[in-house]
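In the two complexes below, chain A is the common chain; its partner is chain B in one and chain C in the other.
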Partner chain A sequence: MRRKLILKLKNQPLLAPSISIPFLILAIFVTGAIFAPFLATHDPNRLDLANTLLMPSRDHLLGTDNEGRDIFSRLLFGFRPTLLGAIGVVGLASIVGVFLGMVCGYFEGLIDTIVMRLWDINLAFPTLLLAFVFVACFGKSLMNVVFALGIIFMPLITRLTRSLVLTEKNKTYVEAARSLGYSHLRILFVHIFPNCIQTILVQVAISLANAILDLSALSFLGLGVQPPTADWAVMLQEGKASFLSSPVVVLAPGIAIILVIVSINILSDGLNTYQASGKE
Partner chain B sequence: MALRKFFIKRLFQSIIVFLACSAIIFTLVRLSGVNPITSILGGGKETPEAIAAVRIKYHFDQPLLVQYFFWIGNIFKGNFGESYKFLQPVTTLIMERLKVTTGLILISLMITPLTAIAGGMLSAVKKNTWLDRFISISSLVMLSIPSFLTGILMIFIISTFTPGISFVGSFQNLGEFFLRLIFPAIALSLSNIAIVLRITRNKMIEQLNSNYVLNATAKGLSFRRIIFGHAFKNALSPILTIVGIQIGAMLSGTVLVENVFALPGVGSLLVDSIKASDYPVVQGLALLFIFVFVSINLIIDISYGIIDPRIRVNKS
Partner chain C sequence: MITMDKVLSISNLNIKLHTNCGTIHAVRGINLDIAKGEIHGIVGESGCGKTVSAKAILRLHNDLFTNYSGEIKYDSKSDILKMTNKELMNLRGKYISLIFQDPVQSLNPLLKIGGQITETIRAHSKLNSREAYIKAVSLMEDLGIHPAEERFNQFPFELSGGMLQRVMIAAAISSNPRLLVADEPTTALDVTMQAKILDLFKEIRGKTGMSILFITHNFGVVAEICDRVSVMYAGKIVESGNVKDIFRRPAHPYTKALIESIPKAKQTGKRMIAIPGSPPELSCEIKGCAFAPRCEYAEEKCFSESPREYKISDSHINLCHLKK
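Moving on to the complex of A and B:
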């Protein structure tokens, strides 16, 4: 009986280690970020100049940074701005991108040409450059960076959705829906959309990883999240100088970023394979 | 004939894209709401006469469209304006710092395609062996580490184990220049290598599963001949596209790597100028980056047209 259950679980593709392990890691980090106020042992922003660069101990689980702030507490709080920002970036990019992609793919014609040419121009900007210009013009803040990255991420999702709709709309079920007299909007959003959502979700997951990387990069340069707010990239920039004497200052946020991004990437790879095996 | 037509058409498109990008940058800067006159004059020196002089000198008294044409016209003459912060021509500022960045990108461009294509092909040929798994996992990890973190870790590891190598100070000769740049260049390349490697692997596997490879095997061609003579040739154009896109990522990547390794390149100039709201420099650098990126993609597209005649017909 038990063996049967284990076998059954083993054959369940969503429980394969390549999906479940990264999911678990992400769940731990996200839970830590959500419940940071309850889990943190210290105030993440309280300076304690008498106790700088302490080694990990029972009082400070990961030691303290160069201004005496508790690294463990900062690590918990430090995922919040990046996570929220990345969700904002991907949310903005997916809502606009999916909508434009569906409209362009379904109706084609003039609107399709205009949107696609606009996105060609968007893609002619080297990655992040538009964000740099944006920050230069409208000031250093997480909001501005999120908005700029949202625009940068739109073309990819638009193009993907558009190509999916282009193949879907020639299938028999669309013809059937059309002959039943359904409106274009209904066909597009009730019939075609559910058939595209799986592939789009994988792209959204990959975009999430990229959004976290890009947001961290901008915060690291001092253009995104502003110190003293606890943020992993800000912690890296501040800890860079004292790395040699006290490696935890950099290793803690560094390993956290790597774990999160590796997990998202493995997860999206796993979902991709799962999806491909479902189609066969 | 078809090739020439294709070339002219692509060149024309690139020019339009470049002009559109420049217009976007110009508009964004003007939308910013920051008064450029105050930035030029600096605090406390804003007498009415000085403001009027600056307005005329920098053409702020003209309509926006006229200002744009003044600006773009000057750029074609090689004049990017004058930095508000350094009070030097933008061209001079950029030229001084171009050496380091060009060096970084050239070294990366030497490392990236070679390692990535070799690794990807090896992975594809040895598909589903331990070697393939090892390459796949390490490329996934490489993809997931931001370049600035790689840089910090590299500095840490190198200065712990070989204290002789220094990351500060200037460089006198070409050897020192190369030594200073090799580690930043590696930090810059890792994630790009991973991306190109994964594409190479997928495209090679796709080609190796195709019928013409089966046919070539049946004909008795050597394995080496099939891989290099047939499969690789067909996998090459999507790989080139990705390399082209990655050069764009490299251009912004230098900004991060130069920050970590404290290198005096255009990337660090860009960050300083953004923080100081030094718009002429930001505009000039942004245009330079776009120009390089658009040109590289133009070259890659044209080289496709030469490699693969089908593209000329399809695109024109």
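Moving on to the complex of A and C:
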């Protein structure tokens, strides 16, 4: 009985190490961010100038930074703006991108040409440069950066969805659906969309990792999340001066960013493999 | 044959498909009338324009890449080739339905089969979901999908090809269309299943008086279920008439050759008869009769002049220079 269970778990493709381990890491970080107020040992923004740059101890699990703030608490709270921002970026990009991609792929013609050429122009700019332009026009804030990155991420998702719809719409079941008199919108969203969703989800996951990285880069440069809000990139920026004397200040947020991004990438790769094996 | 009530009448239909490899003149002026309640067969080898014509009846070709000329009149009134998108949507599935060759490919793999039947019912009527469910289940029972209520919640991959073809038929006839176009509906099935599905078509016709346009490359199937038959070659209908006339007195050399090449059960020790050569490319213009290069009776005239239709009898039409 027990052996059977173990065997069953072993053969469960969703429990493969390339899916379960990154999922576990991400789960820990996301839970930490969600329950930050309960898990944090200190107020992340309380200055304590008497105790700056302390080494990790029982009181301060990861030590303190150059203004005496508790690094562990800031690490918990610091994931929140980036996570919310990244979800915002990917949400905006995928809602608009998937919709445009489906419409362009299905109807083709003039609307397809217009949208795709616009996105070609968009893709011609380097990602961060376009974000700089946006921030220069509308001011420094997380909202503006999220909006900018959302627009920058749209073309990829649009193109992917469009190509999926282009192959899917020539399949017989779509023709059969048309021959039974369904409306275009119904065919597009009830019949074609579910058949594309798997591949789109993998792209969305990859975009999520990219969005976190880009948001962090922009916040590090001082364009996104503004100090004193706790944010990993802001922590990196503030700690870089004391890197040599007290490396934890920089290493903690740095390693956190790396872990999250690598986990998302491995997870999306694992899901891709899982999906491909399911199709065979 | 009663030719009073025409469900569908196609006159001088030409279809040009624009593809990456140039324009293909796939259908070259066909005339076809389908009377109420008849089963009309279209026979021909692959690439002769059967499927292209069938799809044109519902205008399923992409309008951007297709040129139509001629007329397809539904119920002697409205021309399908001039319909707006909205009218077409109302026509498809409600008045004319199409069944495809491969049932496994023609159902959405991610939706339950019951949902795909009720979807059609609800698209063309005002029934609510409960009423549509009842109608779908009784339709499935009628078509031999047992146990219907259990099958209703299954996905296409859980059913066999024959069952899926019954599901397709259920969806297609759910709104009692006047005309059912069946595009090689039995080709992907094995022979026993084929016989059952053919019986099903006859039964449907008997019960509802639906006309059926039956497209196939199998003369045996035609003999079994059709009332009238049209033989297509290179985008043209070369001979059309009652099944009996066509089988007993085939007039066109192509029809003759086709019937001769049906394998016979008693024939042993002899080579099977085949038509030499292969059909012409439909991307180029064809001078004279398209069949002339393969025809054993061909004369000089056949290579230069296109043959005209002439009537052997009221219902029997032949497209050949050699009138005899």
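Operating definition for what follows: the second predicted complex is superposed on the first by the 280 of 280 C-alpha atoms of A that agree within 3 Å, B and C clash if a C-alpha of one lies under 4 Å from a C-alpha of the other, contacts with A are read in each partner's own complex, and residues count from 1 in each chain.
Note that in this section a contact is a pair of C-beta atoms (placed from the backbone, for glycine too) under 8 Å apart; a residue touches a chain by one contact, two chains touch by 3 or more.
Since the structure is predicted, the reported quantities are computational estimates derived from the model, not experimental observations.
Q: Consider chain A as the common anchor and indicate whether chain B and chain C clash or fit when overlaid.
A: Once both complexes are aligned on chain A, chain B and chain C fit side by side.
Q: With the two structures laid over each other on chain A, which partner does A:E108 touch: chain B (first), chain C (second), both, or neither?
A: second
Q: Pick one for A:K171: touches chain B only (first), chain C only (second), both, or neither.
A: second
Q: Return first, second, both or neither, reflecting whether A:N195 touches chain B, chain C, both chains, or no partner chain.
A: In the superposition, A:N195 contacts chain C only.
Q: In the superposed model, which partner reaches more residues of chain A, chain B or chain C?
A: Result: the larger residue contact count on chain A belongs to B.
Q: With the two structures laid over each other on chain A, which partner does A:A124 touch: chain B (first), chain C (second), both, or neither?
A: After superposing on A, A:A124 lies in contact with chain B but is clear of chain C.
Q: Which of the two partners, first being chain B and second being chain C, lies in contact with A:Y182: first, second, both, or neither?
A: After superposition on chain A, A:Y182 lies in contact with chain C alone.
Q: Touch test for A:V135: chain B only (first), chain C only (second), both, or neither?
A: First partner only, chain B.
Q: For the combined overlay, can you note the least CA distance between chain B and chain C, rounded to whole Å?
A: 11
Q: Spell out the part of chain A that touches chain C in their complex, as residue ranges.
A: 108-109, 171-173, 175-184, 186, 190-191, 194-195
Q: Okay, in this complex, where on chain A does chain B touch?
A: 120-121, 124-129, 132-138, 140, 209, 213, 216-217, 220-223, 236, 240, 243-244, 247, 250, 254, 257-258, 261-262, 265-266, 269
Q: Chain A touches which residues of chain C in the complex?
A: 55, 58, 60, 64, 85, 89-94, 97-98, 100, 102, 105-111, 119-120, 123-124, 168, 171-172
Q: Quick one: which bits of chain B touch chain A in the complex? Just the residue numbers, please.
A: Chain B residues touching chain A: 17-18, 20-21, 24-25, 28-29, 31-34, 140-141, 143-149, 152-153, 155-156, 159-160, 247-249, 251-252, 255-256, 259-260, 270-271, 273-275, 277, 279, 282, 286, 289-290, 293-294, 297.
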